[in-house]
Each structure stands twice: as structure tokens, then as C-alpha cells.
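Have a look at the structure that comes next, please.
Note that the chains are named A, B and C in the order they appear, and that numbering of residues resets to 1 at the start of each chain.
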Amino acid sequence: MSGNPYQDDRGNKDRSIANPRGSGTAEGARRKGKAVAAPGGPFLIGDSMTGGYGKGPNILHDCTIAVDQGEIAVIVGPNGAGKSTAMKAVFGMLDVRQGHVRLDGEDITTLSPQDRVSKGMGFVPQTSNIFTSMTVQENLEMGAFIRTDDFSDTMAQVYDLFPILKDKRNQPAGELSGGQRQQVAVGRALMTRPKVLMLDEPTAGVSPIVMDELFDRIIEVARTGIPILMVEQNARQALEIADKGYVLVQGRNAFSGTGKDLLADPEVRKSFLGG
Amino acid sequence: MNETVKNTLLFAVVGGLILLTGFMQSWNAALLILNMGLISAIMALGVNLQWGFAGLFNIGVMGFVALGGLAAVLVSMPPTSEAWAAGGTGIILGLLLGAATVAAAVILHKRMRPGAVRVMVLLAVVVIGFFVYRAVLDPSVAAIEKVDPATTGYLGGLGLPVVLAWPIGGLLAAGAAWLIGKTALGLRSDYLAIATLGIAEIIIAVLKNEDWLSRGVKNVVGIPRPLPYEIDLQNDPAFVERAAGLGMDPVMASTLYVKLGYAVLFLIVLVVLMWMAQKALHSPWGRMMRAIRDNEVAAEAMGKDVTRRHLQVFVLGSAICGIAGAMMTTLDGQLTPGSYQPLRFTFLVWVMVIVGGSGNNFGSVLGAMLIWFLWVQVEPMGVFLLELVTSGMSDGAFKSHLLESAAHMRLFTMGLVLILVLRFSPRGLIPEK
Amino acid sequence: MDFLNAIVALTNYVVIPAMSYGSQLALGALGVTLVYGILRFSNFAHGDTMAFGAMVTILVTWLMQSVGINLGPLPTALLALPFGILGCVALVLVTDRLVYRFYREQKAKPVILVIVSMGVMFIMNGLVRFIIGPDDQRFSDGARFIISARDFKSMTGLNEGLAIKTSQGLTVVTAVVVVAVLFWFLNRTRTGKSMRAYSDNEDLALLSGINPERVVVYTWLIVAALATVAGVLYGLDKSFKPFTYFQLLLPIFASAIVGGLGSPLGAIAGGFIIAFSEVTITYAWKKVAVYLLPERFEPDGLVQLLSTDYKLAVSFVILLIVLLFRPTGIFRGKAL
């Protein structure tokens, strides 16, 4: 028995009555807050965030991450450090109990995730980041869901960035290889023409060659002027391309600085980069 | 207020409601509610075992209850010797052939390599088997059904005491549950709910159509009783005298005596089953069952045979429903296959379990008594309410329509109760500890 | 000639009834599958939703008939259908707002919603019986046949007649139109695609800016419309009785599961598979056999494999067989 009587797992295995497939876990979809002007500061910042999932304990403690125009910011840290949680907090998928999230001169702490999308945030989750039953093209169209203008230019740009997707555009995305799926995922997020792009471990589970290529593409995206906030398991490689780096430990900021500084910091090297 | 006090109070309230019925309407009505309430409590115990302990979604309660009812007929009715002479052997042979066909198909399915050949062979076995079975069975069925169709026209039973039918009804239901569970729980994904829904309909269809077995929609009436008949009591001077001693009229006294007798019998069964269910709940077996329910993956990783345990509990729970079914048919004194409806026999039992508190045996009993009380009493209450509402209206089609429809308030009320409980007290009136 | 007669008899007694029954099941199963795919539970109240929509349509039909509005050869119910759909939509949306939404906010597990839908089923069932009563209601009017058996015989000179009831023709045509529109909607429109996206991956749909509540509302709209259409067609073809609609749950669920729960294409295929097997297995084949077999082999009995009361058993056995060989149904029950 769990704490919430509605979330007991009893009887949920029966496929003839219950469909667990695709159920959401994100919180905050029903949040009805408004953005408040809050000029100054970095382009996107999760400022001293404290919070956790549901009614559970705090996972983040006074954690701050930020990214500025034209930058790549990378969050690294050991497993269970709260890296993904920090990203989700910035995106409003869990309750930030203390602290604020600000984007482009506005306080968006009380906005729902879908409202943040219309404010110009793009997010690529680590897993389940594509619509597997839909074609590549439909995935991109769904990425552009909030746009009412003609988005064929953007789609052409995405196809230019990831040419393989153009060939496979009528295939169900679930049939693609791991690296191609990640391309679809990033492409989907780019379709809104986001003002900032957030990537949660974009290279998880892909081969080293594909990983290098993905990093190249990400740099390419950053060069078009979109600031990128990224969580990475491959700390060394990520910090090499990062303008700014955050090392999280147990939901707290342990180190922060430019990518180069962190790579050079002996303590960071010893603890997180394997010497 | 501590938990025991609260629970005792809840039971006292339900008891009070039944007593109130006795004072306000009649003691016969109160005892009727009590008797069916006790039977419902047993059904609810069965469903609670499956849903509350193990998280198995059985929506075929009706089928198992009906099988219990069939057991009452097969055990207690006198055999129709003419019918046995006319087609008894044919029926037995036919059924054996049918079983052999199914067994052959299952064995072939297991032994042969998958492929087109297997499919063809299986099809051939099943089709030929089916026609042979029908060829043997049909003439016997026709012969049996010709034997005095107005009163018998079926094989009859064994002529044994009807109380024996209770455990046998349980066994019959257990057998059916084993077959369903073996098939539905063995599938790669779990499809128990739809399987039970289907099998219940099939059982009812069999009871309605196989006249040689259960007289179908002609109903079996006059099932022997475990208690004396009212008329015999009234003709018994000793009884009349005792009734007079209590200041009661003998007709009234005899009906109450019989109903009280049933109540005692049912209460004994309920207490025994309750004791067993409580023992099971607190045994290592019960703890394991709940562990599986709450996290099947972890239990499986710990080497528990989840499917086997589920099959066990499914069979046990269904057997309890079968016992209740046999008891109900005994109380009614007749088997009327047409009266089995899923809303009444499956979903109402579910309402009882959810309202009482899934996973808590006492909760199920309380829920059963309370919901059964409502089921019976909402109708007169609805009539009363609508009479009140319409008292100001002028007579007309609308008013008479409203008054006529009062009977349908009970379904509405059951739904409302279920939804309100789920919303405001999702673990039921007496939650699982 | 005998061969032609056999084919006509087969069409008349098996193919046409199964086509129309299959269309009704398919429409019902589509509703179940949509709820399963998007709201993620099996809606036990679906049969009663169908009954409610049909009931509103019947009441409006009666009203129209009493003031003399009709559609000539077509049943008046067709004119009343939009009102029935509106009534059903209203009921379903109110139910969602008052009942289901709370559980979505709680992120309740699907099985809780299943039990909730049982409660809704009781309430809707009571409501329908309260308003229109538990008895049989007839509301079909207009021409009874497109082709009557006698016309067919005189037209072709065959011994066997072929009758197509208006309701049967109407059922199949309506079902084809409704299904075509639904598929166009799901695969071609932005809203339809957003529903598929939500069904596939709720969280990612949220990240794409798709409003979950709006998807849910659209789903109920479509489900109510499908249920009403299915209910009215079934009522026109047979008759309207609240209890029968409740009984339809099993074949409808069987259709949806056989096809693969969550797959609209599967729901349609499942509906026809169930309908055809029910009708073929419970049909008395004597009529056909008489024409095909030489005289001395002519069967004595009706050559009926099972009595019609066992048709539910047939749906169930088909369901079991499919699940044994394809545990996820024919169309692999993926997202919409």
C-alpha cells in the first residue's frame, strides 16, 4: 500500500481493464499561475530551488543553475545527484517549494510546463522522448503544436540539421535506431523555435561514434544562437564543450564555473572525472 | 475514537438499521434482509479474498454464484429415474467425449511443434470432436427433455441433504475457477477481468439452455430444505403451544422460526469462513499474497511463483462465492437461471467490497450488510420520496411516470454510494490495516 | 441455380446481419478503445452511455413524430440523432467534470478509474431506466426494406429471397462514414494527432504544449458521438432495451481486445470478427445445405452448431483463441 490510496498498484496488471502505457508522471500540468516581470539576471535561471516530487521529501536543496544567451551550460554529477530533477524543476514538472525560475526577464515559477513551452522553452527528456507510434514527420509536427504559423521552414531546418530524418520521415519513430531517435527528440524540441533548449542526457545509451556526432549537432544548434542547458553523464566530454558547468551532489551545487575551470579543478577531476 | 470502537459502532449502526426495519415494517422483512445480507457477506468475503488480498479483478462473480445454485439442485433434488433411463448414459458418454476432445486438443497443442500442421490437426480434432459430441449428446438430451416436461424433463439430482450442496457448490465453482484461471492467468499478459466477465455469461447461458441439466428457464422449484416447512410447524401441536406461550400467532411464529433457523445456519458458515479468512490474512501466505499485490515485480524477483499464488487465491475466492450461491438457492428454494444478472450478482458485490474496505474482511462483511440493506430499502424510500415530491403536482402522465420509476432509484443510489465512497473514503469504511 | 440460391441464402441470413451487427460492435468498440487509449481504463459505463444517447434520440424522435416531422423513407431517428449526440455529450462531460477529473488530478491508477466507471455505470443505468423505463421501445419508422425478399425473388427469379432492411443498410453506410471521418480526424488533423500523441506519451505531449484537459474533452466528445450513433443504429436494427445495451458490453470489449485494445483499426476488425463468428456459429445452416448437398444427404436437423443463446460464448471463445496466439490482439494494441 502506498500513501495515496489512488495510487495502489493493486489489480493494475490486468491488461483487459487497465492501460499503463503512456501514462504521465509529470506534475504541475494543472498549475494556473502567471508570469511576472522580473528584469535582470541571466537569460534562464533556476534560482536557489528547493523541492521534490509530490508530497515526497526535498531532492533539490537551494540549487541554482543558469544559462545565458549564446552559451552551453552543462550539469554533471554522480548518479542520483538530482541532475534530471533540477532540469524538471526548471521546466515546472515538479513543485519548486522555495526559490524561483526566471526566463528572459520574467518570473515563471508558477507556470505550468505547457505554458513554459509557449514562453519559448524546449525540453528533451532523457527517456520516452519521442512518440514511438507516430511517424518522424508527425513527431516534428507535434513539436510545433503550439505554433499557428507556417512551420515548414523550421521543419526544413531540422531536416538540414539531421538529414537522415528526412529520408525516414514517414517511418514510425519507434522503429528507428537509438541515435536516430535522439535526433528526432531534439528535432521535435527545436520545432517550437525555442528561446532556450534543455537536454536531459541526450547521449544516454548511444554508441561513442553516434555520441560524437550528437555533440557536434548540439554545438551547431548552439551556434544558431539558442542557449542550451544540458545534463550529461559523460562529464569530461560535456565540460569540454561547455561555457558554464555545474557539478551537483545530493541536490546541492558542489562546484560551478566555466567548463575549462572545472576541467582544471583538481578536486572536480579527482571526484567526478576519474583523476 | 479508536479503531475498534469505530468499527463496532459501524456494525451497530447496520444492526440498528435492520432492527429498525423489524420495528417499523415487519420482523419477517428484517430477517429477510439479514439472511440475504449474510449470504452477500460471504460473497463479499470471496471477492475480497481475490481483490483485497491479491488484486485480482474478478467480474464473473455471478457465474460462480450460479454454479453454487446448480449444485443445490444436483445434490438435493430427487433423481428422475425415467430420465436417467432415457438418456443418462448418452449424456455421460457425450460429456466424456467432449472432455476428451478438449483434453486431446490441449495435449496436442503442447506436444506438437508450432506451425501450420499443428493448427490443421487441432482444428480437425476440435471440429470432429464437436460433431461426435453433439451426435451422442443431442438424442439423449431430446429423450430426457421429453420425460414429463411439465414437472421434470431433466436428470434431477442425487436426493441428498441440501446442506451438502454448500461445500459441493464451492467445489464446483472452484473447478470452474481453476479452468479459467489456468487459461487467463497463464496468458502472457493478464486478461482475467474480461475472461471472468465472459465465463459468467457462459455459465448462465448453459443454465438457461441445457434443460436436461437445470430445466433451463422452466426453473427448478421445490428444492428440499434443511429446515421444517412452515405448514408442518403450524400443524405441530407442540410448536403451536410454544408459540402461544410466547404470545405469538402460530403462522407468524412459524415463518420467523424458519427464517431465524436460516440466519443461524448462515451465521455459522459466515463465522467459519471469516475465521479462516482472518487466519489466511495473517498467515505467511496472506502476507506473501499482499506483498505480491503491492509489488509483483519485486515478489517475482524474490522467486515467488506469482501465477501459481494468484491461481490459488482465485480458486479459493471463487469457491466461497460458490458456497454462497448454493446457500442462496437453498434459501430461495428454487433455481431460476433467468434471474441471474450481472448488475445484481457481480457489480453489487463489488460495491459491497469497495464500500466496506478492500483488503479487510470485517469491512467486506459490513459493506455487504449495509449495501444489501440499502438495495432492499431504497425502493420503498424512493417511492416515499417521490410521493413527497409529487404530492403537490396534479395527477397526470408525468406524475405517474415518476411514481412508476421509483423502483429504478436503487441502481442510481448504488452508483452514487460507490462514487461517494471512492471519492471521500477511498479505502472504504473499514480500511485495510 | 442451386448454387446461386445457396449464396443468396447465405448472404441473406449470415452476411447481411453480420455486417450490420459487426458495424454496430465496431462503433461501440471504437469508443471503448479510445477511452482505453487516452484515459487508460476500460469504461464499464460504455454500454449505458450508448443506451443514454439512444434514449435521448428516441425521445426526440417521438417528439418529431408527434408533430409530423419525418424523413420519408428514412427513419426519423436520423434527424433526431444530432440531438441525441448533444445530450450524450452533455452527460459525459458533466460526468467527467464531476467524477473522472478528480482522479486524473490525483494521478489515480487506471484500475481505480475502472471501479469508478462501475459506479458511473450504475448511475447511468438507473438514469436511463428512470427516464424511459426498462421495457422494449420501438422508434423505427420510414420504409422497412431497401429490397424486400419478394421483390428480390421476382427480380431474379430465384427461389431464395434477399432482404435488406433499411436499418441494416443505414447501419453499414453510417458506420463507414463515421469510421472514415474518425480516421481522417485522427491521422490528418492537428487535434486528432495531438490525441494520438497524448495516447502515446502523456508527458511528452505536455512538453509539446498539448493541453491534456483539452485532449480529454475531445476524447469524450468523440466517444459520446460514437456511442450514440452505435446505440441508435443498434436500436433501429433490433430494438431499444436498456438491459440489452448493458449486455453488449461483453461483445464490445471482446471486439476491442481481439483487435488490440487501444488500436482503432483493431476495434473495427475485432467488431467484424466477433459479429461474423457469432452469426455463423449460431446460424441454422440447413437452408444453405439444402441447396448445396445432393438430396439424399439432406440434413434432418437445423445444422445449427450452437443455439443462439450461446452467442456470447462464441465471442468469448474467439477472444481466448486470439489471446492465446497473439497476446496483444490482432493489431498489437499500441497507442491510437
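Just so we're on the same page, a residue touches a chain if its C-beta (ideal position, glycine included) is under 8 Å from a C-beta of that chain, and two chains touch if they have at least 3 such contacts.
These figures come from a predicted structure and were not determined experimentally.
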| item | value |
| --- | --- |
| Centrality ranking, top chain (CA atoms only) | C |
| Winner on C-beta contact pairs when A-C is weighed against A-B | A-C |
| Centroid distance [mean C-alpha coordinates] between subunit C and subunit B, Å | 30 |
| For subunit A paired with subunit C, centre-to-centre distance based on mean C-alpha positions, whole Å | 43 |
| Mean-CA-position distance for subunit B and subunit A (Å) | 54 |
| Touching two or more other chains - residue numbers and ranges from subunit A | 6, 8-12, 14-17 |
| In subunit C, residues with contacts to at least two other chains | 42, 111-112, 114, 253, 257 |
| Set of subunit B residues in contact with two or more other chains | 57, 189, 191, 193-195, 426 |
| Residue ranges of subunit A in contact with subunit C within the complex | 4, 6-12, 14-26, 29-30, 91, 93, 113-114, 117-118, 123, 125, 128-134, 138, 141-143, 145-146, 188-189, 192 |
| Residue ranges of subunit B in contact with subunit A within the complex | 51, 55-57, 189-195, 293-296, 358, 426-427, 432 |
| Subunit B - residues contacting subunit C, complex | 57, 130, 138, 183, 187-189, 191, 193-195, 197-199, 201-202, 205, 208-209, 341-343, 347, 350-351, 354, 404-405, 408-416, 418-419, 422-423, 426 |
| Residue ranges of subunit C touching subunit A (in the complex, touch as defined) | 36-37, 40-42, 103, 105-112, 114, 190, 193-194, 196-213, 253, 257, 261-262, 334-336 |
| Footprint of subunit B on subunit C - complex, ascending | 42, 99, 102, 111-112, 114-116, 118-127, 129-131, 133-134, 243, 246, 249-250, 253-254, 257, 301, 305, 307, 309-310, 312-313, 315-316, 319-320, 323-324, 327-328 |
